[in-house]
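Pasting in a structure now, in structure tokens, and then I'll have a few things to ask.
Chain nomenclature is as follows: A, B and C, assigned in order of appearance, with residue numbering initiated at 1 for each chain independently.
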Amino acid sequence: MKHIVSSGEFERPWLDRLFRLAQGMQARRGKPGEVLIGKLMVTLFYEASTRTRMSFEAAMRYLGGMVSSTENAGQFSSAIKGETLEDSIRVVSGDCDVIVIRHPMTGAAARASLVSRVPIINAGDGVGEHPTQALLDVYTLLAERRLLDRLSEPNVLDGLTVTMFGDLKNGRTVHSLARLLRSYGRVHLNFVSPHALRLPGGLLHELSDNGVGVFETDHLSDVLAATNVLYVTRVQKERFDDPKEYEIVKSSYRIDLDALRGAKDDLVIMHPLPRVDEIAPTVDALSNAAYFRQADNGLPVRMALLQMIFQNRS
Amino acid sequence: MKHIVSSGEFERPWLDRLFRLAQGMQARRGKPGEVLIGKLMVTLFYEASTRTRMSFEAAMRYLGGMVSSTENAGQFSSAIKGETLEDSIRVVSGDCDVIVIRHPMTGAAARASLVSRVPIINAGDGVGEHPTQALLDVYTLLAERRLLDRLSEPNVLDGLTVTMFGDLKNGRTVHSLARLLRSYGRVHLNFVSPHALRLPGGLLHELSDNGVGVFETDHLSDVLAATNVLYVTRVQKERFDDPKEYEIVKSSYRIDLDALRGAKDDLVIMHPLPRVDEIAPTVDALSNAAYFRQADNGLPVRMALLQMIFQNRS
Amino acid sequence: MKHIVSSGEFERPWLDRLFRLAQGMQARRGKPGEVLIGKLMVTLFYEASTRTRMSFEAAMRYLGGMVSSTENAGQFSSAIKGETLEDSIRVVSGDCDVIVIRHPMTGAAARASLVSRVPIINAGDGVGEHPTQALLDVYTLLAERRLLDRLSEPNVLDGLTVTMFGDLKNGRTVHSLARLLRSYGRVHLNFVSPHALRLPGGLLHELSDNGVGVFETDHLSDVLAATNVLYVTRVQKERFDDPKEYEIVKSSYRIDLDALRGAKDDLVIMHPLPRVDEIAPTVDALSNAAYFRQADNGLPVRMALLQMIFQNRS
């Protein structure tokens, strides 16, 4: 049985199959006679993440499957009464065919996968993993660079320069993506962040030890001209002890038309969304702005993932 | 693409088509092979309105469609993080085929319709509009007067006297209904309310300038004998600064068997529900009491609306 | 029309039909062409009980039906505005084919059944009834004793000793089960509880007057050796005025491997779940531990119940 708990488990052949499948999925939305008829997904969300939940639910339903959802599993009577996560999963996994779990506690999805009788999909566990976000990020990067037809080439991203921008310390999204890109060739990664929000040193060394070119700076202008893909993340106020420091950072870690002067014509701008002030609305109109397409890619990638999970089981 | 944002957009030919379609809908509940198979509705409710949500969901499902719902979109992680309504709609509209939105802010549905890639249905936006309530009100009035077979007659309501009763100041329901009735001929409208809760003067003049006979009074007894349709609304405590004034109003703006003495035998009593004390339970048993049939009409009217929206698209 | 409001209404022939139907249900999960296609269930939960809700929803969906759910019907706009339960049910029952109601107030389901136009299923009403829990408990007991093939024998449980353990005062589960067992022959019931949480005297006499052998004690060891089925319930802290008393009770009303020494090899251990400390995790590995299978039986029993409800109607 295939659980989807950590993006560290994804290997290139599996990713290639997934992304090939995903390409045909938009066309299959809502076609009758689908593969997941009679299968039931339970979305067990111990913290709210309406958009992620809806993306999973849409993926299941567009393939003909069914969904039973809870927005507030944390207020689950049984959890409140003191039931362990393991007992909850043991019971719920008897009433469905796949569980999508979101939990504030790192490692929750892994614990769930040890006792579940049906596949567990991790939809985010605290500061831990959010593997389907990582999948849709890689898929989007390949799609925007028009490389989805060349998945048979082992080093299809050789020579690509990706710049990660914003809060690189807390962003599990950024960490997963940085690691996954290694499977696609020799890439160069720039990390642009306020000093307090730098990429964890351990990850930086891990990447560089594995042949990834890395470079850190405070200033986007240092690396923009050479950048093929700019991955923007939100700098959150609550990460700063000093509100004044946040205000300074906020105004300088912001992408607008000015900040993009000197960028390549075919620069790809990504963002996991929601965005607040870190990308100006004027950027939305650029063909470079890939972030809404990126959000859209969640659906076909999750549809493909569900199909693969159930194919493996039958 | 057809959005349903304001009852001001409804024109007679469109209404006639909708109501003809609605008449056959109760019979089609739950018949397989329906027209919306494979279509997904998202109900995005930024404030609770369980009954309206359930009516839309039932309409979608009885036509073979699917629903992904959120009861607390206001606690949406992305909204809380500061995402704009526009960004939320951009993203969600990539994962579904129609969005039903309820929002505390007037104009929210119109804003949503500007960026959505799928039809937006307004299920109430603050003190603004609630167009499907207006539709089911007109449908009920026509049904109760046995006029649904005569939709080809332009002035089918000529000579009808409708009395609006209760809080006429804040009731968006009353405002929409008063405006819509004009499309059906020369009607006479009585407005019975406490002084503080009168119909807005602008609307009164608009109606009278458009050939509607209007009359205002504090006393139902002034107009009851001539009334064909009595539309009751709830007087809410929170509208009064002085609780004592509310208590006085509450006891006089109440329909019971006594208050109905002198009414026509075929008087139609409507109410958008929920009702609290403004209609005594003893009235429920009268054949005149149409308010539960009115609530029931929400389903076929919304089924018809959904079918028309998707017919327009294909 | 068949409402499911109280376990007191269940008679042996009806129970036999239900349990025969339930046996085939696990195999029918997710098979297409099911009997409830086009039927819509509304789950109206005025208090959270996610697991019960999900079990009902899974049952409906695996039979091809549809579900519209509310987790917070208590925060229902209409209930908050002061609408009666009766009005809510009148309206909602126009938009669906069956209502599953959970309510904190004893008698709520019975009240709902008086005005509903569709079958009402009681999913727990305060300290009142939770009839489908009673059904799955009896089903589990029969299944674990391998007696489901012998439902044609009137006294199939003759000579069985069942020991109820824990909080016997407040447990509606225990009360319903004790009463229902009488339909299956002459059973002997032991009641093991702290003094403050004894079975209500009235029920004890009712059982003994109806030919049930009964015995009360504070100590499991008094009755364990003769016990065929041990039904454990949770002792809740909030039932005690004195926290110290709770701590004493808690440690002695706990089942672990030690406490089970001297039990029959084929002892069946049941628990309605969630469990907290009253059964040690080490017990889970025993083949005697039936409580997760018991939870699993909720699905086929509720599937069978739904099928019988709709068969009766067509």
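Quick note on the criterion: a residue touches a chain if its C-beta (ideal position, glycine included) is under 8 Å from a C-beta of that chain, and two chains touch if they have at least 3 such contacts.
Because the structure is predicted, anything quoted here is derived from the model rather than measured.
Undergrad: Note the rotational component of the Cα superposition from subunit B to subunit C, reported as an angle of 0 to 180 degrees in steps of 5.
TA: 120
Undergrad: For the homomeric pair subunit A and subunit B, should the interface be classed as same or different, according to whether the shared residue numbers exceed half of all numbers used?
TA: Answer different: the two copies use largely distinct residue numbers here.
Undergrad: Between subunit A and subunit B, what's the gap in Å when you average each chain's C-alpha atoms?
TA: The answer is 41 Å.
Undergrad: What residues in subunit B touch two or more of the other chains?
TA: Answer for subunit B, listing residues that touch two or more other chains: 71.
Undergrad: Under the stated contact criterion, what part of subunit A meets subunit C in this complex?
TA: 37-40, 42, 66, 68, 70-73, 75-78, 81-83, 87-88, 90-92, 94-97
Undergrad: Inside the complex, what are the residues of subunit A that reach subunit B?
TA: 29-32, 47-51, 54-55, 57-58, 61-62, 67, 69, 71, 234, 273-277, 292, 295-296, 298-299
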